[in-house]
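Heads up, the thing below is written out as structure tokens.
Per-chain residue numbering starts at 1, and chain names A, B, C, D, E, F, G and H are given in the order in which the chains are listed.
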Amino acid sequence: MNKPYVRLNKADAAVLLVDHQTGLLSLVRDIDPDRFKNNVLALADLAKYFALPTILTTSFEQGPNGPLVPELKEIFPKAPFIARPGQINAWDNEDFVQAIKATGKKQLIIAGVVTEVCVAFPTLSALAEGFDVFVVTDASGTFNELTRDSAWRRMEAAGAQLMTWFGVACELHRDWRNDIEGLGQLFSNHIPDYRNLINSYMTLTANK
Amino acid sequence: MNKPYVRLNKADAAVLLVDHQTGLLSLVRDIDPDRFKNNVLALADLAKYFALPTILTTSFEQGPNGPLVPELKEIFPKAPFIARPGQINAWDNEDFVQAIKATGKKQLIIAGVVTEVCVAFPTLSALAEGFDVFVVTDASGTFNELTRDSAWRRMEAAGAQLMTWFGVACELHRDWRNDIEGLGQLFSNHIPDYRNLINSYMTLTANK
Amino acid sequence: MNKPYVRLNKADAAVLLVDHQTGLLSLVRDIDPDRFKNNVLALADLAKYFALPTILTTSFEQGPNGPLVPELKEIFPKAPFIARPGQINAWDNEDFVQAIKATGKKQLIIAGVVTEVCVAFPTLSALAEGFDVFVVTDASGTFNELTRDSAWRRMEAAGAQLMTWFGVACELHRDWRNDIEGLGQLFSNHIPDYRNLINSYMTLTANK
Amino acid sequence: MNKPYVRLNKADAAVLLVDHQTGLLSLVRDIDPDRFKNNVLALADLAKYFALPTILTTSFEQGPNGPLVPELKEIFPKAPFIARPGQINAWDNEDFVQAIKATGKKQLIIAGVVTEVCVAFPTLSALAEGFDVFVVTDASGTFNELTRDSAWRRMEAAGAQLMTWFGVACELHRDWRNDIEGLGQLFSNHIPDYRNLINSYMTLTANK
Amino acid sequence: MNKPYVRLNKADAAVLLVDHQTGLLSLVRDIDPDRFKNNVLALADLAKYFALPTILTTSFEQGPNGPLVPELKEIFPKAPFIARPGQINAWDNEDFVQAIKATGKKQLIIAGVVTEVCVAFPTLSALAEGFDVFVVTDASGTFNELTRDSAWRRMEAAGAQLMTWFGVACELHRDWRNDIEGLGQLFSNHIPDYRNLINSYMTLTANK
Amino acid sequence: MNKPYVRLNKADAAVLLVDHQTGLLSLVRDIDPDRFKNNVLALADLAKYFALPTILTTSFEQGPNGPLVPELKEIFPKAPFIARPGQINAWDNEDFVQAIKATGKKQLIIAGVVTEVCVAFPTLSALAEGFDVFVVTDASGTFNELTRDSAWRRMEAAGAQLMTWFGVACELHRDWRNDIEGLGQLFSNHIPDYRNLINSYMTLTANK
Amino acid sequence: MNKPYVRLNKADAAVLLVDHQTGLLSLVRDIDPDRFKNNVLALADLAKYFALPTILTTSFEQGPNGPLVPELKEIFPKAPFIARPGQINAWDNEDFVQAIKATGKKQLIIAGVVTEVCVAFPTLSALAEGFDVFVVTDASGTFNELTRDSAWRRMEAAGAQLMTWFGVACELHRDWRNDIEGLGQLFSNHIPDYRNLINSYMTLTANK
Amino acid sequence: MNKPYVRLNKADAAVLLVDHQTGLLSLVRDIDPDRFKNNVLALADLAKYFALPTILTTSFEQGPNGPLVPELKEIFPKAPFIARPGQINAWDNEDFVQAIKATGKKQLIIAGVVTEVCVAFPTLSALAEGFDVFVVTDASGTFNELTRDSAWRRMEAAGAQLMTWFGVACELHRDWRNDIEGLGQLFSNHIPDYRNLINSYMTLTANK
């Protein structure tokens, strides 16, 4: 009766970043802006670190929603980038779905703005088509806690797995021995407490 | 094992507004009054915008519960309006159920006051009769977060989908190209942050 | 796949009040003491109002846990009162289970202190024996929100329905026409906002 | 040793609205946007209701800060409107100070975005020049509670009186008999709970 | 430079209860209704217990503000009761001030609804006339924490002492030996945790 | 359709303590450090009290993660202690799984740092292999409430039971008559409110 | 106009612990019990560490308030211990004041339960007699944040300095070179994060 | 009676950064780590931008407190850096005070970890010597909100002005015309919402 453990696998996973646009970000109020910016960039950095196929999409870039945040464009200069002409659910855009299918991956890691629409709709659609969907909750934002909770419950009930960028990174990496430095750097860049641990450690061992 | 994605469809949906009465509203304390008023009116406006059949009902208008908030009457002057003589669960009122069935819709979008009674009871009854029920969580209010959480869990376990008015509007609209101005106006009227984006945009492009 | 709507029914329901003892109450910190006291007494008053068979039980009354709060003894002078000699899960006490079975009811409305033990254990046991269990979340208390949330999830996953005393009262009453004054009095006594509505109403209509 | 009671007086007061611009509003996160929008408009409406001289000012309207929110322009079509070319502290702008002095008022009611800069700086400057300053705390917004608290303490220590728009309206009005309908309308438009009270009352008395 | 310790004294103190009306209470959202009701009644009970002259006042009883909560009328059947015809600041009503002066007391204990108006205005006026004012913060309520904090700061800066009903009772009583039973009863009636302590104690000592 | 009640049983249970390391603990911010330290030690003490086989594991002790907190080593001097060379999911470490299987227990009680990785991953793996898993939520910590909630939902959906150390102790003990003093001492050491109850009781009964 | 910096001085300071009794502690709800217990014991330990004269007092030990928490008696076996026969303000008890004056100290460090009575009253009295008073805010507890805030403001306005046990320890110690080990041990025992830092450090330097 | 407006002046101000060390940062729990890291670096960047003399100091770098965070060393490679051998109050270290006096500035902008010790002590000492002190509240951190509030009140009562890094930057800059690009870059780097405004603006105006 329980959900089986579908475990993230580097070889099976793609990342979808939906509507992280400069205008829309002003709607996000369920998470502190400093923390949210950091989480989104951490997710982007891990996608790059694990060389996961990544797909970017936006809604109405020319209008008030604003352009994709420039950092994401810089991190993924060659990623498929679908500027949707109007579809609210990105899954309704054929180019977007085709880009996903072209990756050949069955595990979709998704984050976006706002959670109950830009994340939830394609999540529900992807689940309905048999994909495994992993929602990166802390890189997705919305109006307030009430709307977030509603969205989480709807996606969870439909079979999505709720994760965080840190959990995603750890589940993909599997074993520190695969690369200590690279993952350590990723964490140092995006987790101030971890950076402090490393800096304390470095200083003490350097002094030996 | 997971809930399938039952997607809201303009052609299949009706809206139920249950007991948004001037007296009962003083019981609502799980959400700020300014935000709640806005959410309820936003839901009403979207019902009108999408021309969804809408049904109003109240409990004991003549007593301390007070009348339906006048704005709702103004927005839906011709909607079926069932002033229940005593049934707490609106679904126990035959006129109410008949009004719903008369719409021929199978997707019910519901909101009301208070969540664990006026929303939860008809939701559970409607689910038991095979309707798809979409609870508009942010246009429903109750005594406090604890009672809200209990109510949400009970409805969700029974199969209801938890949504927000913004999610409902987006899922119904499907594609901005269906009508940019109308939906934009709806959002501008009920989402201050969105209104600001639009106003900034308008000014800048007007200055070109 | 969803839980069916098992609806509370006056004729089928019994109430279990577990370990509301003067000492144990000092452990309850997930809810304000004024509100909690009111909720517990409201549940007791509704049990009496609907003449539901009610069973009281305590754990170690002679020790630091302290006696049952005197108000509950006064409200239910003749109710079965099982002072358990040591069983933590009240369901492990034969007298308690026998008292329940003697009522002949299949719907159990339960509340107690602390939620994850005194409420959750008998709830899980009762569900395992095929009872329908309705947890009155706001008349149950525990150490903090974290332990409460854990307990709610465990009970919900096992099939319990989470309700509040107000929801229970409304679902049992079904129709105001069964008795306006009695239920109105119950609400006036335990919901200050409702009392205010009634008092405003009374004054205005008396002035006519 | 205590601050004397400087009481707001219709004849002595002017209102300063500082930098309520569509871009800057996205920085405000210490208050819910629905509530904040309502508070700002309520302050504007009361300024108009009491016919207080009102001065508008903005910072860099042509840049990312965005234009003044259009509602304010509509409410005060003829008010002095100082688009500052660069001064951060509006008091450093001679036109602004002159506009204030031209009113001949010694009581300044101020609100703006963000609290610790656009409100605090002119407040401190005005106090230093001997004005009485009344900060409308709920029509002023900033990044978060921590920055707000710092700003409030700095202004209070310097002698500002912290008020809310409702307090300002009441202190200016003095006596309901001056005009029941007008003030009632103002409150009904901006306090949902008050509107509900009035609607309940109207219905009951209309039914007499 | 610091405020001197002006200590409450049974012989010098009077109590002012301002606008605790059934309609206005729906505006109070900075404190849980169960707790607020309890605090207001606790303050009333202590005023009666210490036989302090108490003055009641209301604003527009016949309109939407509603009547004084009936419990207060019952507790103080013979207290001066000033139904103000329109003055918002009760101190602007001559009867009210005269009733206060008729008590001959210089220490005023005040509580009311809403804090920044009905409490703050007469507090500031009374301080300006040389009274010592003690604001009972937990028996005064308002729209939200933001407006409360503003009001507290304004009154404190003007010289008011902020207290709670429990602090007031303790400072007036001075010594338990003056009357153990009476004060114990007052606390047992209004502090659930204290009632539990007493009940545990009674049971254990009765069992000796 | 509901989870059956799998009840903790002293004879069937083992405890897994994952990565409670001095460095990693600085990452835990969803729970107060005083409370968290107490909860972890309470879980350790109960494991010892019930003589449950307990397995300790750490990740990179020599690096910035730091050593296992010394208290745990002292409480379990002979427990299997697996210092993992790199596997992030402890279940990927054969020694760890073998140590678990060597206990012959099917009920696994697990806690660790951080919840969404060090707890969630082995929980999901163990469930997939048919173990019953009981997550001790209050002895597990992570970055913030958002990441905790995501992790809880993922584990719960996969079939884990969410408990607290107090619930675990009570479910294992079953009946106070098995040993009043031992369990009482455990609670007195880790629940200040309980300690107070006992101390009050002891004093009163000693005085008899 | 500002308070001068009266700096704590080992040679000038005495500690007053007021009414930390097992029954009264159940009233404290503005701080988590684990944290509060730790803070009170930390204050006691620092008083002992700096050999400050310490005075204990209780109110009605034989009644429901319960005895002084035993740990305090153990830490200060020879301290003056004034069991007050009835005075609520400890300063009204001559023995208490005499014990203080006998120390010859002018700096009083005070903590107790509950803040607005047992701490605030003697604080105000001591200030009135010219003592310097340092309130240890985190070792003092009360019913809720609202009552705490009121109490803090009243004491601060009267001239008390608000500190924490950690601040007190640091201000008394002045220089780590006076004794690294002793103060380090105090912090390690009462600040889990500090203990972790030390344990990480010890392990790394031991490994050199 | 009020504090005069001492306005920050580029020519008169120096910055003190006290004990932002990698170990001590794990004690900071009154502010989210992402936000805190950003605030500290923002303060450092503004000190550099305005070319304010800046002084760094640490306590026990070789021990568990850890080294100064490397970013600060990089930003201020030539700043006076006083590694205190033991003084807890940095003002007790002669080199530190001399370094300050050597700057010839009378306005001290201070931030550090933890607020009630490393910030409050030198703040109080500096005020006592006649300096004007501006505490950057959001670049200073401590154990929790309770200890922060105590510390703020103590410093404020002694005459410190509480500010934020954003307020400091704005008060120093005075007029955007002094340098739009530089300050804009500073804000864009440290205020995500501002960065979004700029990016939206740039895109729209570039498209013209």
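FYI, contacts are C-beta pairs under 8 Å (C-beta built on N, C-alpha and C of every residue); 3 or more make two chains touch, one makes a residue touch a chain.
For each chain, UniProt lists the protein as follows: A, B, C, D, E, F, G, H = Putative isochorismatase.
Worth saying up front: this structure is predicted, and the values here are computed from it rather than measured.
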Separation of subunit F (Putative isochorismatase) from subunit D (Putative isochorismatase) in steps, with touching chains one step apart: 2
Interface composition of copies subunit B (Putative isochorismatase) and subunit D (Putative isochorismatase): same or different, split at half: same
Angle of the C-alpha superposing rotation, subunit D (Putative isochorismatase) to subunit H (Putative isochorismatase), to the nearest 5 degrees: 90
Longest centre-to-centre distance from subunit A (Putative isochorismatase), chain (CA-based): E
Distance from the mean Cα position of subunit G (Putative isochorismatase) to that of subunit E (Putative isochorismatase), given in whole angstrom: 31
Centre distance in Å when subunit B (Putative isochorismatase) and subunit E (Putative isochorismatase) are each reduced to the mean of their C-alpha atoms: 41
Averaged-CA centre spacing for the pair subunit C (Putative isochorismatase) and subunit A (Putative isochorismatase), given as whole angstrom: 43
Residue numbers of subunit C (Putative isochorismatase) (touch at least two other chains): 1-3, 23, 26, 29, 32-33, 66, 191, 193, 196-197, 200-201
Set of all touching chain pairs, with the criterion as stated earlier: A-B, A-D, A-F, A-G, A-H, B-C, B-D, B-E, B-H, C-D, C-E, C-F, C-G, D-E, D-H, E-F, E-G, F-G, F-H, G-H
In the complex with subunit C (Putative isochorismatase), residue positions of subunit B (Putative isochorismatase) that touch it: 1-3, 23, 26-27, 29, 59-60, 63-66, 85-89, 92, 114, 116-117, 120-121, 124-125, 127-128, 143, 146-147, 149-151, 153-154, 157-159
In the complex with subunit F (Putative isochorismatase), residue positions of subunit G (Putative isochorismatase) that touch it: 22-23, 25-26, 32-38, 61-62, 66-67, 69-70, 191-193, 195-197, 199-200, 203, 207
Touching residues (chain side subunit D (Putative isochorismatase), partner subunit E (Putative isochorismatase)) in the complex: 1-5, 7, 31, 137-138, 152, 156, 161-164, 166-167, 170-171, 173-178, 191, 193-194, 196-198, 200-201
For the subunit E (Putative isochorismatase) and subunit B (Putative isochorismatase) complex, residues of the former touching the latter: 26, 29, 32-33, 144
Parts of subunit F (Putative isochorismatase) lying in touch with subunit E (Putative isochorismatase), wherever the complex brings them together: 197, 200-201, 204-205, 208
